[in-house]
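What follows is a set of structures to go through.
In the two assemblies presented below, chain A is common to both, partnered first by chain B and then by chain C.
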Partner chain A sequence: MTVSWLRGFWTPASAATVVALAAVPLLLGGSPYHLFLLNTIGVFAMLALGLQLVLGYGGILQLGYAGFFGLGAYTSAILTTHHGWPFPAAFVAAMVVGVGGAVLMCPIVRLRDVNFAMATFVFGLILELVYNQWSAMTNGPIGFRGIPAPTLFGLTVLEPQHYYYLIFVALVAEYLLIFRLLHSPFGTALRAMRENETACRTSGVDVTRVKVTLLLVSSAIAGAAGSLLAHMNGFISPPTFGWATSVALLMMVVLGGVRSLPGAIVGAAVIRLVVEQTSVLGQHSNIVFGVALVLFMAFLPTGLAGLAGGLSARMPWAARFGARSVTP
Partner chain B sequence: MSEFLGLLVFGLAIGSIYSLVAIGFSMIYRATGLLHFAHPDLMMIGGMVGYTLATRTSLPMPLLFVLSGLAVAGLSWLIDRFGFRPMRRQGALLNLIIATIGWSIILVNVALFVWGTAPLSYPEAYLPKGRVIGGIVIVPQNLAMLGVGLVAMVLLHLFFTRTVVGQALRATAENPVAAQLMGIRIERMMTLTFLLSGFLAGGAGVLVASIVYANFDLGLIGIKSFAAAVLGGFGQVGGAMVGGLVLGLVETIGAFYVSSAYKDIIAYTLLILILLVRPQGLLGAGRTRPD
Partner chain C sequence: MLETERVSKRFDGLVAVDAVDLAVERGEIRGIVGPNGAGKTTLFNLVSGLYGVTGGRIRLGGRDITEVSPHARAAAGLGRTYQTPQIFPELSIFDNVAVGLAGARPPSLRDALVGRRRLRHDARAAVEATLGFVRLPVGLGALAATLSFAEQKRLELARALMGGPAVLLLDEPAAGLNRVEIDALVELIGEIRDRGVTVVLIEHNMKLVMGLCGRITVLDFGRKIAEGTADEVRRDPLVVTAYLGRSAGAGV
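What follows is the complex of A and B.
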């Protein structure tokens, strides 16, 4: 069955990937640790995809993305814990508040390049400060505890393998949404804007509107991811939503490959796995990230997806298996 | 009244530190178009080097300022020479900016590795002490900081307006292509930019670390100098000076009379508002860097 608006999405490779990912919990059995790791990767993959949309396809340096992740997490946590909202309502509210935050940020879209990047950076800092300082709502640096497990259709999602499917569905839905956006006239406008903003404006594209759309959509995504993280961990604290996370997300996009959707997911998986490993190694391990960021930017700015794309160009047979990055 | 005077001096002293870092930040932006995220961390390294010198040698403060400045200038040059210059040839600005974030992470972790995680306090002799003169508490350190800051700014101003090299630097910042056509060797000017901005950041690091502490997260204070640079209009040296002083004052007085918990939020909100209302900065003449 091919739904027309998803034309181009279902290739043998993508179908196989979706089925394989759906089967992962069955293969892993009941190891809660691995499932938990996998779920965390899922949440960060959602964020990396959202940032890929803004940064990769929009060419906009959004340096405060983790702050919007926090908006969703705190909204969902506060509504379910203190006000007894059911999870689905809180989830939607998290997305709405994420969008609300982006609306506040909208005036800055008329800034260009460096000023815009600076404003997003500062916006992220402000949000992190608010999470730390507004103790009455967020419980400050100590963190927010006791966030309930989500209940859907009368069932409480407690088991990590069930939570996996919740995140999986959200991730696939997000992927399809972004895929669809990129293959619409909006996607064409994005490409034109990235190539030459002035020429794009003179051709009648409302660049401001394109940028606002990007910010709103990506912030809704961050809000949703925040809600999922909050209910998965049951505990949230400000550092998760600060500059360090914004940098980690940036690295996921860069490492996976700018302007590649599968790349963002792979980047999220690699970075989270490295974080897991290096937290065992000790406190100086972050230097790995710094060095990786510098080296990737200098020698492989297209990331892993670029590497895969380069390989498949040299080996045409590999392209049949889908080693081709999506670059509309 | 005496309370207010004390705040005024302290605000200006902190502000002059912001100014020193902001000037370098602005210069780099003007010369290379780069948003240098590792610049505040260079300031942090300056504070750390100053700590080591102070505990090992107990040199006087001005010498600490100069020596740390020189060390950080060297570091700044190394990062530019081997980190940024090869990438400048590829010409992707976004990639370069992301690379500066990488350098920031590297510097922080090097500092963690060398100096550890605990905040380090400078030896007793370097710490600020208040003296009561005629009912007013005067902290000589704050006055000295303000003095050092102002002297450095005046010297820089003379350098930029009265010397050939200074004018060449400004020309490079204004329009690199035209400067090159006029026979200015812009790579050399960029090297000089990184050396000079590194020196100022290193010196500022010593000043700030001696009144607060030396620690790997000192760069967070330096980040506010970004705000100072924006306040003054990106890339204008005079603007960065004034921006730093204004920010220091607003923040100190705001913290005292409004809320100390929210003083950073005040500073950052001010920054965004100024970006929106006057993207060219408080002193800017309505002219921004050509794209």
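What follows is the complex of A and C.
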């Protein structure tokens, strides 16, 4: 029931998860490789959550999402490196430019289904092309080097475990934002829109406005994630923001479970780990992804979240906790 | 209150609605009848804005709404239901009804991010009151898909009423209901009118139409062929041949 806005976020499970995630760097004892991997997962979890909002809940096939990720990354990189902007300002600018990119995409909101999906895919391709070709700004395919580590409140975030907490805070903030959004009248309209657009319109819901808002919010999120990635790695190059990443993000949402926020995070973790393990395959890893996506759609359409939900419903404690659903 | 002026809709070669004039007075319950394919639902789709007109004008409370989008028409005081209930099956009862508030207060990011405890409280009170009014005594948290057909129709009606409509379009409200449910519906529509809502309804159940509607408009092949009180319409020779057919004397 969606009478409450934020009530329902803090369950024993969610509190334990937040505490456990906060403790991870202490447990790893500062292994730079594992922390780097975790930080990358964190950034992609932010993206997967943003895509879950627009695609999973909104039912809007945004297939060029990685392009907006790139907008944030390049904006933040250029402003801090060439123009001496402080990190917080560049971070905000990354979100603003992400939103700006989405505004350019707004005219295609009236397209439907496959046409809309194709338009977003092409939009992503165009952005990737810009990152490759506009060498004066992006340094082209060679990549953009020397992005400074972020400075917050006079402290420079250099250590991976400190960067972990930066991403962690951003991820939790994003999660809460989306959670709240979904439990507000806007969230109700959004879920209603996916089920029956006609009934929504004659009930007074401005469907176009809802879709535009979703695209803008999700693009701001992608911009923020891009900024965090750029400063974490100190180096960015166009393939990170290309169509293959958009497809990987789509897989994170599908694998984790459409319309599940925890699912998006788990999906991001699994896919990034698979990417790490299959990177020796080079280009062939796309084949692995393709086959995996088809298998998942065929055998586990509700994703890992659906699998977890199905399992926990069969457990002895299901009667006690089963009624409390995490997803609205 | 609701006027159409020579409203037409053409689908390729087919003229579904042909220059229909309609003038529904405030507080009226107007019946729209006609054989299947007469253009009744198409007329509703034109009035509610799901279809654009091929010709003619539509006015709501004196304001021309011909070019206004469906959600803005709803916000301007036009509510409707559908032949088969168009609900949100995977949403809770509460959410289904609360969607009807969107016209009065467009769902915004700001309301989502700022607390608005009061807003939540008011919404809940309004939803409960409306569900009570349409006599749907069910838990707010249950999924709409679990409701029976008759209950889904009342749920849809509750959603339409949440927008505080000045004019309510009901597309075959009695279809699929049993006699007891129809009696309750007749009473309910009377109460809706008593609240100052102008009602326009499409219905095949002639007993209901004759009992409720002060005036009746008859459509056939997209054209208005008759209009008047129940008695006038019943005696109209055009109606008898076009709509009621040869068995009219026995049936009505």
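Just so it is clear, the second predicted complex is superposed on the first by the 308 of 328 C-alpha atoms of A that agree within 3 Å, B and C clash if a C-alpha of one lies under 4 Å from a C-alpha of the other, contacts with A are read in each partner's own complex, and residues count from 1 in each chain.
The working rule: contacts are C-beta pairs under 8 Å (C-beta built on N, C-alpha and C of every residue); 3 or more make two chains touch, one makes a residue touch a chain.
Remember, it's a predicted structure, so these values are computed and weren't measured experimentally.
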item	value
Partner chain(s) touched by A:Ala117 [first = chain B, second = chain C, both, neither]	first
Contacts of A:Ala298 with chain B and chain C, given as first, second, both or neither	first
First (chain B), second (chain C), both or neither touched by A:Ala22	neither
A:Leu176 touches, of chain B and chain C: first, second, both or neither?	neither
First, second, both or neither for A:Ala13, with chain B first and chain C second	neither
A:Gly290 touches, of chain B and chain C: first, second, both or neither?	first
Chain A residues contacted in one complex by chain B, in the other by chain C	198
For the chain A and chain B complex, residues of the former touching the latter	59, 61, 107-108, 111-115, 117-119, 121-123, 125-126, 129-130, 133, 198, 247, 250, 254, 283-284, 286-287, 289-294, 297-298, 301
Residues of chain B that touch chain A when the two form their complex	29, 33, 35, 83, 86-87, 90, 92-99, 101-110, 112-113, 117, 223, 226-227, 230, 234, 261-262, 264-265, 268-269, 271-272, 275-276, 279, 291
In the complex with chain C, residue positions of chain A that touch it	1-5, 177, 180-181, 184-192, 195-196, 198-207, 209-210, 213, 217
Chain A contact footprint on chain C (complex, rising order)	48-50, 69-75, 79-80, 82, 86-92, 94-96, 98-109, 111-113, 115-116, 119-120, 123-124, 140-141, 156, 159-160, 162-163
